[in-house]
Every structure is written in structure tokens, then in C-alpha cells.
């Protein structure tokens, strides 16, 4: 039997974006339709940082084929992307670039932290580490975390499916509850 | 301390030129390379590669840890030849502390490293075509690459960043099924080469885009310390496996493919020929697989390295990867410098890219096959 | 080659390129439809570590020797344990691994003296929370008291056997001394 | 294996001391040490001998040698293998340590020297644009110095 | 002669309403289908599966894309040239609708039947260039500017072989169609009227058999006009990030996306009219043949896109000026010579 994941309390990630009030008017059916459309056409930003980028490419390739979920359209320009997949270690020099890219993306936008480095520093975390941000949470609100070093392509697809469920439930990415 | 993202763009000094920032996030910048180009129209006046966006402090970690605890870092320095780097670190320590490696382990290591080299060249071929605009060859290469990842997964357990080597051998033995699948893969990849040749090698658009583009003369290669397929495409047949044989490579006969043109097309042909040579090595290695142990029973942890300076070079998919170890006899290195090939190959770009078009820059940088964390360490 | 010949040859190569891709259309696709089809993982597959269940003990055999904690490069294993309520063999009472830090290098498995660690088959982990600490003792926790009981009984048996053996050894020694101290006249009571 | 002794490079008078090294163990054919002033001539000599600059690195030897030591490795890719290492000792204070840049002879040195300046703080006189290469430009520390960022004195 | 809407409805207001309505629905349905087809064709060629999860075989995938793009935030970057930036998508998209209304779908159905239909098509084709340049120049982004400069040079230079090869067809039509019986009376065919061109091919044979060189040049030029690979240099993904539409997000980007596929659709339709005999076909009704031939051409365009790398910009220019234009002029001369010889 596989080890059971501890129901640890959520480590309070650095609150990056102030919470946005719930929308005042609810269009029940339209909201669901719009959320379903958003969930099924998540255009990721081509944004490989390190080793996980190769596994992200493998997911885009024929064997695992991300296009089956409508997410295979990798948009190079931040203006046309919906989800930013952090694939690899985030170095300190890359921090301002990531923040700028995140601001350039039109909302609703989501982010997936793929690989140990983007969750908690991964194999490069040691006391007094000077070169990397230990976790993508220091820069950007993260919606889905995928552990592994590097996570298998199936894990990234599972992560995207989790993100789709989250969107279908209607939670906007950058408006943290 | 606020971290700025590198040189900011100002007005250029020359007339009718402007700075274009092929920034850290760019579809064909192989990770997080940033080219600060000064352009006149579409022609490049000066090009300054700005690196450091994937700096992860490997060398600082090496100085803070025992030798054994640095093993996971090695395959993450250049994750496209992860196996070659992982085995190279183990071989360096074995040479340093003169640890004996059983013959079967050596042959297994050679097969794994050559499979890793083919996989790296395949991925280079795919991304090179992607830079030139052809999308389909990229996906065909990934089909073949997935085959290699499956085979290596059977014995190392991971797909990309391996921790398969230990001081004195490897962690898991190879069974008959692995050997059969490797030979089947070699047969399959050999049937795929003519298809790639027809789809891409002879394609007139590809030839127009590559011939005569980004010529690196042997003199420039020597001045910048260029190594690997990029050097061999400029006519110098230097390959560490032949120049300073290590790990049993002298037992197998294989040629070192070279070309003299030194342009993108020559680099393409050298890498395709190199894949064929790696297949030959694998076939001979599988045929000559000796019986015997694959490594020490107990994990070798406490090392007694002699003091002084040591250098151990290996031929990675991108070129001459040298490890310089300064040891003071303790179980932790005083200094571990990793001389990575792409660092020098990319530094040569400052002269090679002058005067070329923007589209050629993408082709040339793509043709020298760089991996950013290997440059930034 | 004149311009015309080059154009014709170029056009010919373009057609062969089209031929190659056209043949690919009719070949079967190579996609593994992940959520519907599960991948078959190789026997050497490496993922997060887990505790092996030994048949003779019917439980794990982690003696909290802290070897793996010392050697783990990313320090992602935390263990607490020791001698528990009277059993001589040490037991781990807390064994947690932070999967976000683990680089799956396998050094802990190689260094474990009781060889109780092995790789789990987790391959598609994804979630909404940032904490990825796994509790490896979860499956053994409820049967722990039963195990300790069996262990205590077994240790008492061993102690008893050792006791008995020691007694037997003393008797044999005493008997030998007794025999040695009356050498020439007839040995009495040779049974 | 090329005979280590027959070095086609005329280094007479430029080096402080030279010694043969056992290639099988250390990976070098000859180990030299040169003074700071003569490193430019040494580099030119190697350049004439068609050697290439394989690598420059720096060691923080302030504890035992009271010096920052630069390590230059020269090798031949075109001929048969012949790897020489040349060590140069500089003054021990950072940011005081200074060495002449050999970028004029070997353009490869440009990035090596920038990396050493970035990681160790050793400045190179005559370098075209000596600024940080790996760390962000406004970083105010030199990462690989032994007293910087040690694991034990981290406030975890 | 196909009866136009004006003749059917008499009242111009209704005619215009039905015409525009019809064209818009045809275009939007077709764009949705083409985007889905493009992803499926690329999947077949690359031996993967393409959109699968959103409805059977991903049929509603493009609808999901469009709905999502509708719901996206419209970012207006700082420092842009406001009028140019906002007008660009409309200028790129509008001529597409106009050009579709000129085409004769079948013997009886046509939205309009203008004597200089072919010239109008090329005029509307020229509009797209202006729109792309406005987008590139207006969005205050160096990549977009580079993309815009490239697209202007490319479209203008490839317009010449396009028109020259079409001229060859016009020559043939007027030569062949001296006296052709159309619903009763004999009429001399006017080479510029699209319906007449199709009639000529009905009357004689398809022009692709007679003019293979012109057809090839026309097809290559249409690829270049619609910025499709191997000529997709203005929005070269690997060089200029996303070319002229780098700064567009949400529905504005969707309009560009929409216009690109509609341009492809129109290019294929005009090629069908010029070379493959429009609505002419043995048993199936007119429009079915028309769309069948159009989608065959579109499939070839997609097939070409997923096979070839991209030309460099100066190679594109030399290919056009050194090979295509001389070839098309030569072809025109030969056609004129042959017609002169045949007629005398």
C-alpha cells in the first residue's frame, strides 16, 4: 500500500495577492458554461526553466498528448496564455521576470507549480541557499502543486485535470479565496 | 537585496540601431538564455548573451556536502545527458580514491551513457527543427526518445535525472529483457534515420536555412575552447572518449564523425552520424556483456581521497565536460569546478552571431545545442 | 547547378517530404490516454520511499538508527524512535518524508542497515496544498500494539532460552571441574 | 598518450616552478606555477604552441596559503592530448586581489574571468566588460568565498 | 447565370441583411470547424490524438476556446497608438466578410454577381496587409513591429505572382468563352466575372489541367498571402514570439485568429473557382462540390504547414522575385502566344 499523505495544515504561503470580494451578481448557468469553457481550453505559456521543462515538452509530445484536454496550444506570448506552468527551479535572477510575465497575463489566469523546486526548493534547498526562490509561492499565487523530481508526465496531466476541476467549481485563479 | 533581472535596455549609441531583448522567456531560447541584441533593421550589430537565470549554486552545494551526497546534483547539472554526468562524477571519485569497478558495471555504464547520448541528440534535433519552424519532426523525435526513456526506466527507475551510479558500480543489475529491448531499439532507430533524412536532411528549405549559416572556423573554436559536435563540425576530430579513454571506451571501436564546413548543416550531419556511432557502441557492448557483480555490496561512504588537484574529463552529448576537484583529504571537496562544454560554446556566439539575421541567430544558437542550467551551474 | 535545376530538385525534395508525412497519417497513434489507461510502471520504478512489510515480522523493521536521515542530501526524512515499553529492539514511532524535497536518489535505501525501505508506486500525485509530507507509518500504526506484544513475547522466549543455555553451560563447566578435581581413583557416580 | 616531457611550448624563464605529473592519477601532464606578472606571457606562449585555454578557476586558499589561487588549464584538442595546469597566487584580501586579464590572447577567458569576479571577487585588469555573469547585477556578495553562506551559520 | 440576392428579394435592405447574415454564419461556422480540423490534421500527422475530451473527438473544443477568449480580460498595453491598436483587428477581419460575398457558390445561388469580382477579391486581399501593419505598429512592441514590417513586404511582393497567375486564367476565359450559350442567349464571357470563369470551365475543362504552372504559383502565393507556413514569417513563433499579434489578448486575438482561418478559406475558395471549376461536378449539387474542393485545398495547406520548416525572410523575397514572378510572366506570355496561334 502506498504511504498516506499527511493532512497537514496548509503552510500559509506568503499572501501575495489580497483576496477579491465574491462577484455581486451570479449568472448560474452562464457562469458554469464559461467556467467549463475556461477549464477545457487552458492555453499554457511556454515557460521551461530547468529539468521539468523537458517533461513538460514530453507531455506536449505524441505519447502523452496534452492536446487531448485542449491544453496543447502552447502560447509564447503572455498575453494569450491562461496558465503559467512553473517547470523548473526559480532562480533569484528570474524573480522579477516572472513577476512581470505574471502581470502581463490577462486574468482569469492560473498557475501550476510543477516539480519539487517550485513547491519548496526541492533538491536545491539547504540552509543559507543564496541562488533560488524556494517555492513559486514567493512570487505568484499557485493553484496546483505537483511534487516529484521531475514529476512523470502523467503527474502533470493529473495536475491539469485537478486545475480543471478547480476551475469548473468556479474559483478564479488570481483572486485567492 | 532587491534582485534586478540583468542589464536594462537603454537608447543605443549608434544611429538607426535599437536593442532587442530576446529575453529569458522565449520559445526558442532553450530554457532561460537571454540575448541582448543590438539590431540595425534585422541584422545584428552586437549580441551579448546574458546568462545566470538558471543559476542553482551547484558548486556551493558541492563544498558543503560529502562526496556521496552530491550524487543527485550531478544529473541535474545537464539534465539532457543526466546519465553521462552522473556516471562521470562517480568515475571521477573512483579515479580520485582508486576504487575498483567490476567489468560488468563498466559495460552497463557505457550502454546507459550511449543511450543517454542518443536521447540528447534526438531532443536537440527536435528543438533545432522547432527553431526553424518545422513542428512535426519535433514530435517524431519524441516518439523515439520515449523508447529510450522506457528502456532506461527499466533499470534506473527514473526518466530524466538519474541517480544510477554509485562509487564503484551501479545500483541495479541489467536483465535479459533490458538487453533485448536495447537491441530492438537500435534496430528501430536505424530504420528511422532514412525517414529523418528524407523529411529534413534533403528538404530544400532546411538546406537553405542551414548551409553556410553560422560558420565556426577551427581558429575561433580553439580561441573560445569550443568542444563536442560543434568542434567536430569545424574539422577537429577531438572526442574525449578517444583522446583520454575512460571507463572502458577503448575496448569498443567507433569512429569520430567530423565535417569541415563548420556551419549549421555540418553540425546537423555530425550529430546524426554520432547517433549511428553510439548505436554501434551499444551493439558491441551488449554483445560483450561480461558476467559478474555490478558494484560493492555496502554503499561506499567514507572516502579517503589523496590531497591535491585532480582533473577528470568526460565526453558529454555537448562536448568536453571536465571536473576539477581540489581535495584536502577529507570527505568533502575543498572545491569542485565543473567545466561545462556549453559555457564555452555559447561564449563563442559573441563573434559568430555578428552580422547575421535574426532568423539565423535562432538557427545558430539552436545548432550548438545548449542547455541553460549546465551553463549557469 | 543552374537556378532552374536547383528549383526542380528543391521541388522534388519538397514532394518527398510531403510523402513522408502522408504515410504517417495512416499509422496508429502512439498516445497513452492517461486518465483512461494507466501506465505500466517498470519493476525498478523509483518514486517516494515507503517501509517494506516483512513477512516474518508482519510489520516494518525500522530501528530508528538515523542512517538515512544523515545521508539524505536534501534532508527530507524526519524520524523519531527508540526503545519502546520494554522491548529491546528499537522501533521508529514517527517516520515522515517531505516528497517536495526528495530527489529520489535512493541513497537512503542503499544505506538502511535493516533494508526496510523500498520505492512506492506513486506516479500521478497532484494537489492544491503546498505541504507534501508523507507519513510512512500510517499503514502500520493500528497494528503496532499487536506487533509489540508479539515482539515482547518473542524476546522473553529468547531471554529464557539464553538463560537456559547459560545454565546448561554453567552446569557443563561445573561438571567438568568436578571431574577434573578427583583424577586418580575411580570416578564415582559415572552415570 | 603523448610523452609529457616533449612540450613544444617555450616556457623557459616564465615559470616559478614546474613538475611532471602522473596523468593517470591527477589528469595533468605538467603542473606549473607562475607569478602574477608573467601570466600574460605564459598565455601568449601557450597560444603560439596552438594550445587552447580549457578552463580558469579560482580557489579561496586564504586559510592555509593566505592567498587566492587562480588555476589555468591549457590543453590541445587539435594535436594529441597534453594538459598543463598553471597556478597563480594572488594577495589574500577581497576585494584587493587583482590579476591581469588574458582576454586579449584567449577570448574564452572573457567569461571565465567574469565568473571568477562574480563568485570570488578577484578583479581582472584590462577586461573589456568585467561585470557579474551569473548572479544578478546588484548582488552585493561573492558566493563561493568560503566564509559566505555556510550551512552551519544559517539562521534556519 | 446565378440569381443574386437583389434579384430574389428585390428590396435591398432584406438582401443585404440575408447576405451579411449568411456570410457571417458560414464564416464563423467554418472558422470553428477549420481550427478543429487544423488541430486534428496536425494530430494525425504527428500520430497523436488531438482534442478528445470536449465532446466526441473534441468537436466542441473550438467553441470552448472561443467562449474562453470571450471571457478574457482585454489588456490595453501602455504606450500604444490607440486608434491603430484598436482598429487593427477590425481592419483585418472586415475585408474577409466582404470578399466571401463575391463568390458564386453554385449555378443558382450567389450573394452577388459583380462583373469585376476577381479584381475586388484582390482589393480586399490587400486590406489585410494594412490591418496587420496597423497591429504591428500600434502595439508598441519591437517583436510586433518586426512582424509587421515583414508581413507588409511579404504580402505586397507575393501579390504580384498571385495576380499574374490569375491573369493567365482571365486570358483563357476570354479566349475560350467567345460565344457560350447561357440560359438561352449567347454571351461573350467576361474573364473578371467569377461566375463567368466557372462557366468557362463548365463549358470547357478545368483550368488546372490546362494551366498547371499557374495553379501551382497561385497556390504558393495564397500560402504566402495568408501567412501560412512555410511562409509564416510575420508571426514566426520561434523568432518573433507571436509576431504582429503579440500584444493582443482575449477577443481581439480571437479576431486575428478568426481572420487568418477565414483568409485561408477564401484563398482556397478563389483557387477552386479559378482552377477547379467552382460548382461543376457530376451528380452532387453545386455548393457541395464547391465546398468539397475548397476543403481539399485547405487540407493540403494544413498538410504543408505541418511538414516544412520556415523560410528565412530574404530567401522568401529572392524566391518570390527571382523564381515566382519570372515564371508567372513566362506563363502569361506562353498562354497569350498559344491563344494567338489557336485563334488565327
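For reference, chains read A, B, C, D and E in written order, and residue numbers begin at 1 within each chain.
Here is the rule we use: contacts are C-beta pairs under 8 Å (C-beta built on N, C-alpha and C of every residue); 3 or more make two chains touch, one makes a residue touch a chain.
Since this is a predicted model, take the numbers as computed values, not measurements.
Steps from chain A to chain C, minimised over paths through touching chains, total 1. Common neighbours of chain C and chain D, listed by label, are A, B.
Chain nearest the geometric middle of the protein is B, using mean C-alpha positions.
Across C-E and B-C, it is B-C that has more C-beta pairs touching.
With centres computed as the average of Cα coordinates, no chain lies farther from chain A than D.
Between chain B and chain D, the centres computed from C-alpha atoms are 24 Å apart.
If each chain is reduced to the centroid of its CA atoms, chain A and chain B end up 29 Å from each other.
Here the spacing of chain A and chain E, counted between their Cα centres, is 39 Å. Centres computed as Cα averages put chain B at a distance of 45 Å from chain E. Those residues of chain B in touch with two or more other chains are numbered 3-6, 26-27, 52, 55, 57, 60, 64, 72-73, 76, 136, 139-140, 143, 146, 161, 199-200, 203, 205, 376.
The set of chain A residues that touch two or more partner chains comprises 61-63, 65, 68, 76, 92-93, 123, 126, 129-131, 149, 152. Shared interface positions of chain E, defined as residues touching 2 or more other chains, are 43, 45-49, 52, 237, 241, 306-308. Counting only pairs that meet the touch rule, the chains in contact are A-B, A-C, A-D, A-E, B-C, B-D, B-E, C-E. Contacts from chain E toward chain A in the complex involve residues 39, 43, 46-54, 58, 60-61, 63-65, 67-68, 71-75, 237, 241-242, 245-250, 253.
Chain B meets chain C in the complex at residues 65, 68-73, 76, 136, 140, 143, 146, 150, 153-158, 161, 163, 166, 171-172, 195, 198-200, 202-205, 299, 301. Partner chain B is touched in their complex by these residues of chain E: 42, 45-48, 142-143, 146, 229-230, 232-233, 236-241, 306-315.
Of all the residues in chain B, the ones that touch chain D in their complex are 1-7, 51-52, 55, 57, 59-60, 63-64, 95, 98, 218, 221-225, 227, 231, 236, 238, 243-244, 306, 308-313, 320, 322, 324, 326, 334-335, 337, 339, 343-344, 347, 350-351, 376-377. The touching residues of chain A, when paired with chain C in their complex, are 1-6, 8-11, 13, 62-65, 68, 116, 119-123, 125-126, 135, 137, 142-149, 151-159, 161-162, 166.
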